[in-house]
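Next up, some structures in structure tokens.
Here chain A shows up in two complexes: once beside chain B, once beside chain C.
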Partner chain A sequence: MPVATGSDSLEMNNSNHIPTEPSLVRREVLVKNANGLHLLPCSLIARTVKEFDGTVKLFRGSQSANAKSIMDVIQLGAVCGTELVIEVEGHGASELMDRLEQLFADEFMTDR
Partner chain B sequence: MLVKRGIAVSPGVASAPALVLGRDLLQFSRKSIRPDAVDREIGRFRQAVSDTCAEIATHADEASARLGDKYGAIFQAHMELAQDPLLLAEVEQLIVKQLWSPELAVQTVLQKQARTLEALDNPYLKERAVDLNDLERGLLRHLSGKDTNQSLVLTEPVIILAHNLTPSQTARLDPKFVKAFATEVGGPTSHTAILAGALEIPAVVGLGSFLHQVSGGEVVIVDGDEGNVIIAPDEAALKASEKSARSQKSKDLRLKKLSEKDCYTADNVRIAVYGNIEFPHEALHCRERGAEGIGLYRTEFLYMNREDEPSEEDHYNAYLEVVQTFPDRPVVIRTLDLGADKVPGMMESVFSDFTNPELGLRSIRVSLHDKERFKKQLRAILRAAVHGDIRVMFPLISSLSELREAKSVLRDVAEDLLEEQITHRADIPVGMMVEVPSAALMASEFAKEVSFFSIGTNDLIQYTLAADRSDPAVARYYNSADPAILRTIKMVAEAAAKAKIGVTICGQMCSDPRFVPLFLGLGIERLSVTPQAIPEIKDLIRHLTTRKAWEIAVQASEMDLAREIDQFLLGEVKKMLATGDEEE
Partner chain C sequence: MKLTDIVAADAVITDLKATNKEEAIREIVNSLRLAGKVAAEHTDAIISAIMKREELGSTGIGRGVAVPHTKHTSVDSIVATVALSVNGLDFAALDGEDVHIIFLLISPPDRPGEHLRGLETITRHLKSDDFCSFLRQSKTPEQVIDLLKEGDEKQF
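Showing the complex of A and B:
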């Protein structure tokens, strides 16, 4: 799977004339929390995407993980400073993407 | 008697008979299933998953209610893990395709995943393998149909010894009967360690293999302050631990008596006794025990047991809590003393794995290496300083240029705050730890540039005598009573007196009553000790005259063997306390 290099969202919409929301959204995020994606952050990701009726993948380079699986995401070994690409596909993708991006930005609200 | 050294993760000392928890209590015999039983076995597995989730939810609620939401979150994460779709699919695949029993499939998949985590580079992730262990045990227990919940039913005090305790086992320990626990594996950032601290039971982890040397039932002492576990202790060790237990019992009475009064020697010389703290809430313990301020606030603990870097506000709020507990008393904040034995998970990248961390990048060197982190802390200190008598202290200073560099960062920070028009106090007293022999040798020069010294005996001893304080093999070389240590302290005290600056002693050494008369005799008028020791130390000072202290110091400095000095000081303090008891 190719990795998006742009810093902003790469929103793909296969039917340009219909003003529906895009079904596939891809965005780059940075792991900012000091201990990287370990159990607690991964569980927050899993909880966020659990009810989503579509697929959510995290890419680290060419390695990908199913965001619904804690074990899969942990094994990306994403330490602090790792750049990841999130890819959300399905109905309500943009809205979910915003929530995921917020989680990363808030550093998973760890230890508050 | 067998003494084991591990990692102290929860303070306190306790002794009680040992209860050894088996390494694996869960046995199952069936390894494969018949093809026509697949649906039933899948159903059984799913039922076990949902039962396990229900149980974890109870743990989450219990932990949140008993210990706080932060701890509940650990079990919330376990819950997500138990519902991990890939894990579940992998297990079901083995049941359907390989005709494995759910038990075997669960064990295989979860142990494989645990090994994967253990193989990761990041030590923080490695420790999460225990969380998978917890899940595996939960699933196997529910599959076995024996929904016993395996709560330990205890009727008398015990000390739990185990290869490992999972977070859920730890959270369910009843502090009424479980006096302490000790495990062979585990690290300081494991969830188990964090929960032990929250439960306030002494705990030591990472002891290495020792369970085969314990049969169960023998008395064990767990020293959660020092990280020691003593199995079948001899009379002397038992007495020492009983003494600390007894002094805990009688403390309420003594606390009341001592808490209001400042401390004077029998001949009316004021001696200030401060408390050492790691966490802001301990300031209250200090005040309740009669501390006259905080002589050493070890701020690096703000970095322990958490996953992200503390923000300026985190620092500020912590300092505010301490200074509000002691609004009109000195509060000495020591800047980060990270490194060597204290490396938080988030900062592992900073510390390369050199073989000699005690002589490497640690303490003030880390702060000067990464000035942004240092400035964040200093900003918070200057901001909190408007609320009381806050003083800042730099640890591990080894040269004048290093001290000047640290002071210049402090000035920069004050200028920044002024420019940003943020309320702060710029003129707080600046002090330094004297704990490197070079600083002791240059004490007269340093004394011209700081407002106070604080002698950190732990590091001073280890650097002066070249003996690692955490290495049992060289324990006999690490000797507090060594004449070289006495001379060094004397030199620093004299330099401080000449420059008319204050000098405090804040290492473990001054929580030990035998050294107190010696320090007073050397002219030291401020001691900073662990909160528990405050009443005892104050009591001792009240029975002491400065004349007597001076005589003891003179006699001790004429001796040339550590053993001789040690015995002499011990004898003197015993005499003193014996006469003291008669008076009361």
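Showing the complex of A and C:
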């Protein structure tokens, strides 16, 4: 079975040859906003993933959080400079991942 | 950080009279004032700041819990307390449930790490159904503080 090389992408296809949208997407993000993942960013994340019919997890090292739970995400204690891994699984995973990545890139809009 | 380190025992309320969010925040901040945790001259400014923060997005975090908060220069370490509403309040929480447990938090500005640890400490035990249930059943501030002590000493 050929293995994809030369790519940093962690996106995986659930089919070997048919180019379908990946159902499991994993990306690294950096917490850039000065106040870290306090309640407002956690709430924005939870609201963004609320309607998603799949699973969304945030990892800080070996600690994981269900992104649909504000309390879970707060427990990561992610201060400014923390590297996290987002894992989205389900239909429309890439699109949701883009939106989540944008939230981090925009420093959650209200928290620059 | 422990819950009992940051929660002002003298300001705990187990029977909020408030029937809406703003009344609740006013009642709780006034309780902190009476307990000597917030200066009288800053009370109105703190209430306004907390309400302004609510406009950015509800602090109702689910499971019947809300954590209204603000930063204010008049405090040099985290000031917090707990208030319980028997009938529940509409906080426009993410899960749509009424709020029965309110942890109000005032943090010093320019110490985001401390604020984050305060939120972590508060939410750590609220993830437990038992802890939330026991908290809601508390009838006196002493019962609330005893429960927070238990939470500090062991994992629920």
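One rule holds in what follows: the second predicted complex is superposed on the first by the 101 of 112 C-alpha atoms of A that agree within 3 Å, B and C clash if a C-alpha of one lies under 4 Å from a C-alpha of the other, contacts with A are read in each partner's own complex, and residues count from 1 in each chain.
The rule we apply is simple: a residue touches a chain if its C-beta (ideal position, glycine included) is under 8 Å from a C-beta of that chain, and two chains touch if they have at least 3 such contacts.
All of these numbers come straight from a predicted model, not from anything done at the bench.
In the superposition on chain A, contact of A:E107 is made with chain B only, not with chain C. Within the superposed three-chain model, A:L40 lies in touch with chain B and with chain C [touch as defined at top]. When the shared chain is aligned, no partner comes close enough to touch A:E83: not chain B, not chain C.
By the touch criterion defined above, A:Q75 lies against chain B and chain C together after alignment on the C-alpha atoms of chain A. Shared contact residues of chain A with chain B and chain C: 34-36, 38-40, 42-43, 46-47, 50, 69-72, 74-75, 77, 79-80, 110. Residues 56-59, 61-63, 65, 67, 69, 94, 112-113, 115-117, 119-120, 123-124, 126-127 of chain C are the ones touching chain A in the complex. Within the complex formed with chain B, the residues of chain A that make contact are 33-36, 38-43, 46-47, 50, 66, 68-72, 74-75, 77, 79-80, 107-108, 110-111. Per the touch definition, chain B reaches chain A in the complex via residues 70, 73-74, 76-77, 79-81, 83-87, 113, 116-117, 120-122, 124-125, 128, 131, 305-309, 345-347, 349. Within the complex formed with chain C, the residues of chain A that make contact are 34-40, 42-44, 46-47, 50, 69-72, 74-75, 77, 79-80, 110.
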